[in-house]
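Chain IDs A, B, C, D and E follow the sequence of writing; residue 1 opens each chain.
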Amino acid sequence: MTLLNMFLDTAAANSAANYLPIGIQIFFAIGFVATMLVLSNFMGPKRKTSDKLETFASGIETHGDARQPMAIKYFLVAILFVLFDVEVIFFYPYAVNFKELGWAGFGEIVLFVAFFLAGFVYIIKKGALNWED
Amino acid sequence: MNAIILSAAFGVVMMLCSFLIKNKSNFRHIASVALLILLIGNIADTYGYTFFAIDTHGMLQFNRFGLLFNSIAIGSTLLYVLLTGKEIENAGMHVAEYFTLILFVLCGVTLLSAYNNLLTLFLGIEIMSIPLYILTGSDKRNMKSNEAALKYFLMGSFSTGLMLMGIALTYGGTGTFSLEVVRNAPNMYKGLVSFLEILGLLFLLVSMAFKVSAAPFHFWTPDVYDGAPSVFTSFMATIVKAAGFIAFIKLCAVRMAETESVVDWKMIYAIIIVATLLVGNITAVFQQSVKRMLAYSSIAQAGFMLFTLISLNDMAYEGILLYSAAYSLATIGIFAVLVKMKDYTFDGYNGLAKTQPVLAATNTVFLLSLSGIPLTAGFFAKYYMLAAVVKTGNYTWLVITGVLFAAVSVYYYFRVIQAMYFKEGNAETTTIVPSFKYGLIALAAIIILLGIFPTLLLRWLYF
Amino acid sequence: MIALFLILLPLIGGLATFFAKSNSGAKNISLFVSLLTLLLVIAGISGIFGSSLNFYDSAWITPLGARFTIGLDGMSKMLCLLTAISFPVVFGVVYNNKYPQPASFFGLMLLLQTGLMGVFMATDCLLFYFFWELALIPAYFLCSIWGGDKRIKVTFKFFIYTFIGSLLMLVGILYIYFKTPDHSFALTSFYKIKLSAAEENFAFLLFFIAFAIKMPVFPFHTWQPDTYEQAPTPVTMILSGVMVKMGLFAVLRWLVPVFPAASTHFSHIIILLSVIGMVYASLIAIRQDDLKRLIAYSSIAHIGLMCAAIFSAQQIGIEGVMIQMFNHGINVIGLWIVAEVIETQLGTRKLSELGGLASKAPALAIILVVMALANIALPLTNAFVGEFMMFNGLFRYNVWMAAVAGISIILAAVYTLNMIQKIFYGETTVVTDGAIDLAMGTKIILVVLVVLVLALGIYPQPILQLTSDTVAAVFSKFHS
Amino acid sequence: MPIQYYIILAACLFCIGVAGVLTRRNAIIVFMCIELMLNAVNLMLVAFSKMHYAAAFATDNASTAGTDAQLFVFFIMVVAAAEVSVGLAIIVMMYRNIHSVDINFLNRLKN
Amino acid sequence: MILLTLDWAFIIEKLILIAIVVSASLVIAMYATYAERKVAAVMQDRRGPNRAGPFGLLQPLADGMKLFFKEEIIPNSSNKFLFIMGPALAMLTAMMTSAVVPWGNKLEIFGTTVSLQIADINIGILYVFGVVSLGVYGIMIGGWASNNKFSLLAALRGASQVISYELAMGLSLIALLMMTGSLSLKTIVEEQMKGGWGGILGWNIWYQPLGFLIFFVCAMAECNRAPFDLPEAESELNMGYHQEYSSMKLGFYLFSEYINMFISCAIITTLFFGGYDMPFIDESSMSVNMAALIGIVAFMAKIFFFIFVFMWIRWTLPRFRYDQLMNLGWKGLIPLALANMLITGAVILARQGF
């Protein structure tokens, strides 16, 4: 339970107003991007031909739709990322409170890392990250 | 605690074995040994030898009831692996992973038997469910398996969503995730609170009904059980389902019971029970495939297990344990025979008594147990369920409804017996090895033994 | 100890028979075991080893308050004797028949005997329920495997009927169990309960339906003629000779004494149903062409009378029931044996196809006539005493009921004599041309039965004495 | 901002999710709706966490009320990730077999 | 309504700060392109851009103008909405990261204290990671919307690369966080200023060299900089995920990369090199504004140094092969980062005593 005390203590002093500048910046950025897009749209010439509107394939004709099933590897990487990234998230609150938790917490995190590594070794040994095939 | 840690650890070990060990048939033996150690570890826990003392801040609570259920679940899994291990090997490419997932499911089961906090409930349910989604879809090239996996997954995560909403709302109402709520704590939102909590509990009720496939939230069950590879259906329909009930009952016994004054939960349970019995039994009657019949019958059996919610007394707790054991063992046995059959329809069983007398005889014992005929464990299971309700002195009408549906269930269970014994035919099976027969005989013997002396099991609750 | 062995002996014998290799092996084992059981029952009744051996009590499921308690009291002794006599008789009669899978057949028969013995001896309600079901399962398999063409459907109907009944009874048992002061299933505890009228009526109905299906009482009887017809004859003998007595026995042991007030409350309607059933069954029996169906319907009529007599609540009526339970068993088994002999010999049991057997098989004819006359309760036959006493009881209860029930006696005479005439007299038909008389073994068995019929017809005192304690107990409960 | 806003927002998101699950036919969209439900719950839990913290803070400065809900959110995220990986794998598997992610397609196969 | 009760001065102050930071990062990004070409030229013994303006200083401006006036083409088979969304998102995320970087300590203008950090939120690092992760969408959406096989392949490669290195990046910082115990970038900087030898010894780089190395490599991969520029490898994929793009949309993609590089360097500096801490100078002894100015200068100097290092590496090292790239990320950096974390934890705890 001590794990998140830290969060709350600061959260008490930290209200939603702290994030307000970020909101402002988002509006600013959106405004900037939108303006630029609209402006460049007006500025450029518009002489469209059917060849120009084709997708580019190094000069040869394009064949079919690009959206075909891709190598499963990429998908696998995405899934593994999701899994491991979420595990990484667990390290953050631990890292912040690491000193208060002391050796007991360290022992538990070692266990956690052990599980992490078990999964990691497993995916490597199973060839999920083999690209040379 | 032993069981939780060991099952997770063995799961990891098994996972690593998948590339450390080359010989496929070794996995089965490793898994059996792991389960045996797990069982021993859990029994040691029952006697007070806890290997791992971890402070869970009251999130887990270990009592005899939960530990005994663990023993039942682990023991059933052990028998399941011993009996159908060969079929698991043939289910697909990733043999070690299947055993890994089974062990992880057991980890979830053991969590559920000990949870004392909605967080651990949620974790238990998920640790139990997610491996099952994979197991359901393990037959990758089979459309039915795909469909089952997708359906199971979508429905499962949908009900998880409902459950989480329920948890969030009850948390909003009470300010705690712990099962028992301290009611006298000062609360600013008094008016809002009780409403939130009730709404949350309703969500929880619905999601748990989803998980244990109680009507009217059962509709995914037949397709999923039918589509999944038979070996895994056997596991899903038994141990996992029973664990869902254990969780459900604990939730109702604590959280729902606390708000009994506001909502007449028991009436809701009663309606769910009647609906479940009705749907499960009546639909099962019309099935042509034994596997599908078993799927519906599992819904019907769920109706019986739900009787515990009405009674919630000592007898009900004893009963649900006995019911889990009886139902799991019998269903595992039936599926063990089923996976050996070439044809899953009722007609596929025609004349099995002539070609495979041992299979037919043991299968008969299992079916009798499911129908609740005396001398089999199933009788005492039903007996305890009914008795617990009668003991409360109310809802006798429900008990009578229950027994009438039990009579209906006899109809479809006996169709298999009729096919095996009384009809002419030449039931085809895959090769049956003698050890499989001995396993079945042992299982039948356990069922009959429990049917005469149910206290053999229940005495573990009190010593 | 004797009581325990009465259950263990057929159980172990039955299990052993399953593993018998040959046809004759199975037959010999089962015959031997059943004869041993008979000896044991006689020993128990005579009390030569001391009457304390007739009771056995041991812990069973202690947390539930259920004990393994069995004992032989008057009614049990009488019915166990009937059971013990029936089985060797049946085994003897079918000794020369050929059955597929004889080991299973005889093994199941002995298991059936175990169940029946248990039902008659159990004094713990849960145990009683156990044996009640245990008797049902072998019967189900026996009928379904070795029965007639429509066996699967018919037997299943029988099974479902009985099973629904017993499940309702289970609810009733539980209901009563939680009302007993000491939470026990013991008979004595059940006798001690105090219930309000509404509770008692409710529980009474739960029990009664189970027993009514088993007996069977109109309108719960529809399974019975079909089953008797489709079942293999040896099983039919047990079903009608012994198994229907389970219902009557249960009424006398578990229903009337436990719910005396409700019994009185419902007696009108039950007696009315029984009487209607008697007349109805008799009328239908007249129209039957099938010998087995005829006997089946006649059996319904007799059971109806017994049921009515019980609920008439007269001591003499109940005494009559005791005598008649035994006698009906003997008589009906005798009739079935004759039917079996005719069917195995001639391959038919249609009355219209039979005729002129008296000349071909005189011994058979004589025995059948004696049995048939006993069936219509002619004086000097054993049934006369019982029926007379029952009518007496019924008469004291209500004259009109007795009068209507009396019609069935006349009807019984009509169909029985009609049957005798059709089978034995007239021209021989194609079927009966080649008929020969009884085989020696069957003849001996039947002669023994005839002797029993006549002996008990003249001197029914032993049975009356044997069951007097039970009658007194039941009767006292009725008027407490 | 008053806590009710968060709760109402979360409830709305949840309802959108439920409606999507019940009406949409595309497995991926159904799946996304489920994730939406989970995230609505996360939002709700955090809102409740603040609510209870504020309530407790009024009487006790050192109160830790509400921490458990934030902890819960972590676990929901982890489990959601696990579900995502399994779910997407199942959907991909299905797509490879029938070249469609339409839920109804499966029902059509059956008949 | 809470908005009405706000301090409008605060909003205006922030707005100005945002405008300055964003335009500064844009300008620096612009001149980074110039610098890149110059650095490349020096390394290859060439002149580099030298026509537009003195020393070619106006070259980036000319490039920008050119992009502006190019014809905008949206291929027929593409998904129009997503096609526009892709670069917009890439640019947006690039512009958002700067919000939590502390550019300096604080200024005092007309009596009010102005913090030189747009938003000092307590989860600064998580915010950075969050926004950076969104950058994947820019690549993925752009590549997918183009409906071109090369683009799609490049986008997949790019996405896989970015997410793979994000893992190691996340892990590499945990050891650092164990030391500082805070997720706020400002706090991290202030912690580093306390060290000895003019403040230099307080920098995290001395305690976390391995962490820095991993983070540095990952940052390069995140920016799709060579030697990690697989998603736009010309020789294999024409031009990568943005090959269908033209005009300002292409400009956004190119631009966002340079902004990302700038911000990455800013964050590396903040985390490992003391941020706006100028060594050997005691800021507390001088006026607030002066200290801030020195801080900003120091910060920028450090950033420019790292930008130079980025370019130096780009023009020195050859490109990875894809499997080498993935192997380095997954099998090399992740275990290293984990080991670094555990060792750091053990050492810190050991020094604290058992």
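One rule holds for everything that comes next: a contact is a pair of C-beta atoms (placed from the backbone, for glycine too) under 8 Å apart; a residue touches a chain by one contact, two chains touch by 3 or more.
Note that the structure is predicted; figures quoted are calculated from it, not measured.
K.L.:
Common contacts of subunit B and subunit E?
P.N.:
A
K.L.:
Taking touch as defined above, what minimum step count separates subunit A and subunit B?
P.N.:
Minimum step count, subunit A to subunit B: 1.
K.L.:
Go through the assembly and pull out the chains touching subunit B as well as subunit C.
P.N.:
Joint contacts: the list comes back empty.
K.L.:
Is the number of contacting C-beta pairs greater for A-D or for A-E?
P.N.:
Contact tally favours A-E.
K.L.:
Name the chain with the Cα centroid closest to the overall protein Cα centroid.
P.N.:
B
K.L.:
Report the chain whose mean Cα position is at the greatest distance from that of subunit A.
P.N.:
If we average the C-alpha coordinates per chain, C ends up farthest from subunit A.
K.L.:
Using CA atom averages as chain centres, what separation in Å is found between subunit A and subunit E?
P.N.:
15
K.L.:
Could you give the separation in Å between the centres of subunit B and subunit D, each centre being the mean of its C-alpha atoms?
P.N.:
26
K.L.:
Using the average of all C-alpha atoms in each chain as its centre, how far is it in Å between subunit A and subunit C?
P.N.:
81
K.L.:
What is the distance in Å between the mean C-alpha positions of subunit C and subunit E?
P.N.:
95
K.L.:
Out of subunit A, which residues touch more than one other chain, so two or more?
P.N.:
Counting only residues that touch two or more other chains, subunit A contributes 1, 11, 16, 85, 89.
K.L.:
For subunit D, which residues are shared contacts with two or more other chains?
P.N.:
Touching at least two other chains: 1, 68, 71, 82, 89.
K.L.:
At which residue positions does subunit E touch at least two other chains?
P.N.:
In subunit E, 2 touch at least two other chains.
K.L.:
Report the complete set of touching chain pairs.
P.N.:
Taking the chains two at a time, the touching pairs are A-B, A-D, A-E, B-C, B-D.
K.L.:
Considering the complex alone, what residue numbers of subunit D touch subunit B?
P.N.:
These residues of subunit D touch subunit B: 7, 10, 14, 17-18, 21, 27, 30-31, 34, 37-38, 40-41, 44-45, 48, 51-52, 55, 58-59, 65, 68-69, 71-72, 75-76, 79, 82-83, 86-87, 89-91, 93-94, 97-98, 103, 106, 109-110.
K.L.:
Going by the contact rule at the top, pick out the subunit B residues touching subunit C in the complex.
P.N.:
On the subunit B side, the touching residues are 318, 368, 373-375, 379, 383, 386-387, 390-391, 393, 396, 399-400, 403-404, 406-407, 410-411, 414, 418, 421-423, 453-455, 458.
K.L.:
Give every residue of subunit A touching subunit D within the complex, in rising order.
P.N.:
It comes out as residues 1, 3-5, 7-8, 11-12, 16, 69, 72, 75, 79-80, 82-83, 85-87, 89-90, 93.
K.L.:
List the residues on subunit E that touch subunit A in their complex, please.
P.N.:
2, 6, 11, 14-15, 17-19, 22, 67-78, 84, 88, 91-92, 95-96, 98-100, 118-122, 126-127, 144, 146-153, 156-157, 159-160, 163-164, 166-167, 170-171, 174-175, 177-178, 181-183, 238, 243-244, 247-249, 251-252, 322-323, 326-327, 330-331, 334-335, 338, 341-342, 345-346, 348-349, 352, 354
K.L.:
Would you tell me which residues of subunit A are touching subunit B in their complex?
P.N.:
Residues 1, 115, 118-119, 121-122, 125-126 of subunit A touch subunit B in their complex.
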